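Below, chain A partners chain B and then partners chain C, in two separate complexes.
Moving on, here comes the complex of A and B:
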C-alpha cells in the first residue's frame, strides 16, 4: 500500500458501523453480551476505552425473546421510585408485557462499564419489538450477526419421513393397551 | 578605613538557599493554586507527585499489558478463535512473540496475524488428534519439539 493513501485506510478503520441482531427465540443475556461488546468497540483490535470506537447495534424482535428455565415467572426486576413505600418488584413476564424492549435494555445497561460513556453507548443502541425497522435505520445497516442460540425445531416442523426414521427406544407389543 | 574587620563579622548562613528552593519549585510550576509558588505547600505537593509518578510507572506496565491482551483477543475473535487458545498453542509451538508485538501485528499487519492464528489452530488440531486419537496416525508436524542448542 502506498504511503499517500493512509488517510483513506484510517477513515475506514475508525468508521462507526451498524450491526443488526435478530433476537427471535434467543436468550436476552447472550444477545446483551454480543451487543455490549460491539457498543464498547471491544471487537476491534484498535480498542481503547477513551477513543470512542463503539458501533451502532440494532436489535429487532425483542418481543420474541426466550428466557430459559422458569425465569419468566422467577426473575424479578426491582426499582424504587424514591418516595417512601415506593419499592416496586415486577416479574420478567409483567415487565415484558408492559414494555417489550425493557428486558434487553436493562440487560445491556448492566453489562456496559459503569462510567460516563455508558449513556452514550446506550444512545447508540436501537431496540425494536418487531421486525419492521424504519427506513433510515435500514439504510445504515452493514452486517447481520449470527444468532447465539440454535433454535430447536418444533415437532410440527419435522417431516413424516424424519419422524418415521427416528429410532424407537421401546416398541410396544401387539396386545399392549395404551391408556 | 576604620572598621577593617567588618567583612569578618558578616556570617553567611547558607549562600545557596534560593537554589535549593528552586530545585523543589521547578517541579511544582504547573500545579494549581499556591502550591506552585509557596515553598511550604509546594514541598508536600511535590512529594505526593513523585509518589504518584512512581506508582504510575508500575501501574503503566499492568495497564499496557491488559490493553494488549484485550486487543489481541479482539483480533483473534475476528478470525474465529479465542485468546487463551491462541496463547497456549503459540507457546506449545515455541513461538516466543510477546503480547506487545502481537498487538501491533493485529493492528498493522493483519495477514501476519492471520497466519499466526492459523498456526495456533493447526497446533491445536494436532494436539486434539494426539489426545483423542489411537496413536496409529502419524505424529503432527507443528507439535514436533525442535532442540535448538
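Moving on, here comes the complex of A and C:
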C-alpha cells in the first residue's frame, strides 16, 4: 500500500464499510453493543468523535432474536404520546409482535452517544426482520461479523449415537415405574 | 490581516539540507554604507572590526563591501534559491549588525510567512497506514445471508 498516491491512501483509510450481522437466536443487547461500536467508528484506529468515521451495519433476522430469562414478559417499553392520559407501556413481547425491528432499534439507539450525531448513525443502521435483503444492500456488504452467542443445539439436533454416548448418572431398575 | 488572508506554507527545508551535508544557503551579502554619513557609523565600525571574522566563519558566503553616497546604510542578503532580503542597518551598533548577519547566515531563503505546522515528516507511517482491510479476516466469495438454519 505504500505505492498509493496520497489521495488514494486517504480514500482507502477513510472509506466507509458495510457490515452484516445475523441476529437469529442472539440477545438483542449484545447485538446492539456490536452495532453501536461500528456505527460510531470506535473499531477503527483513526476514530475521532467529530470525524464522521462510522460504518454501515445491516442486521438481519431481527424477528428471531432471543431474550434471556423472562424478559419477553417482564421487560417494559414505555412511551408517552404527549397528550394527557397518553402514557403507554407495552411488554417486549407485545412490542415485538407489533414491530419486529423495534427492540433492536431501541437497544442500539440507547447505546449510541447522546448527541446530534446519533440520528446520523441511526440512518446508517439497516434492520431487516428476516433474511431477505434487497439487492443493492447485498452488493455493498464487506464483512459478516461472528455471532456473539453460541447457539445451543436442540435435542432433535443430536444424533442417536451422541445421545447413546451421553453418560447416564443413574440407571433405573427393571421394576421401576415412571410417573 | 488574519492567518487565512495572508499566505502560509508548510515546514520544509531546501532539498533536504542537513540530512547529508549541510550547505549554507546564504550566497551573498552586500554591505552598503556611506563613508561620511552618521547613520553608517555602526556599519563602518563593523567593517573595521567584525566583517573579516564573519567572512572567515562563513566560507560559502561572498561578502561585498560597497561604500556609496547613501543616506541609509543597508545589508542585502541573497540566498541560493534566489530570495533577496534587504535589511536596513542605519543607526545600529556593530554588535547588532553582527547578530543580524549571524541570523541571516542561518536562514534558508524560504519565505518568512506563517508556517502551518511546526513539524514535517517524509515518512508519516512506518508499518503502513491503516485501511479497512488491515486485520480483516479473508472471506470466501461474496457475503450473502446463508439459509443454513437447522430445524
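Definition applied: the second predicted complex is superposed on the first by the 174 of 179 C-alpha atoms of A that agree within 3 Å, B and C clash if a C-alpha of one lies under 4 Å from a C-alpha of the other, contacts with A are read in each partner's own complex, and residues count from 1 in each chain.
Just so it is clear, contacts are C-beta pairs under 8 Å (C-beta built on N, C-alpha and C of every residue); 3 or more make two chains touch, one makes a residue touch a chain.
Not measured: the values here are computed from a predicted model.
Colleague: Output check: A:138 vs chain B and chain C. Expected answer is one of first, second, both, neither. What do you get?
Modeller: After superposition on chain A, A:138 lies in contact with chain C alone.
Colleague: When the two structures are laid over each other on chain A, which of chain B and chain C touches more residues of chain A?
Modeller: More residues of chain A are touched by C.
Colleague: According to the stated criteria, A:48 is in contact with first (chain B), second (chain C), both, or neither; which is it?
Modeller: first
Colleague: Counting only touches as set out at the top, which of chain B and chain C does A:126 meet: first, second, both, neither?
Modeller: A:126: touches no partner chain.
Colleague: With both complexes overlaid on chain A, does A:63 touch chain B (first), chain C (second), both or neither?
Modeller: neither
Colleague: Please identify the positions on chain A that touch both chain B and chain C, taking each partner from its own complex.
Modeller: Common interface on chain A, chain B vs chain C: 44-46.
Colleague: Spell out the residues on chain B that touch chain A in their complex, using ranges where they run on.
Modeller: Where chain B meets chain A, its residues are 67, 70-72, 74-75, 77-78, 103, 106-107.
Colleague: Okay, in this complex, where on chain C does chain A touch?
Modeller: These residues of chain C touch chain A: 128-132, 136-137, 139, 142-145, 147, 149-151.
Colleague: So in the complex, which bits of chain A are touching chain C?
Modeller: Within the complex, chain A contacts chain C at residues 1-2, 9, 12-13, 15, 17, 20, 22, 24, 44-46, 60, 131-133, 138, 141-144, 156-157.
Colleague: Under the stated contact criterion, what part of chain A meets chain B in this complex?
Modeller: My answer: residues 42-48.
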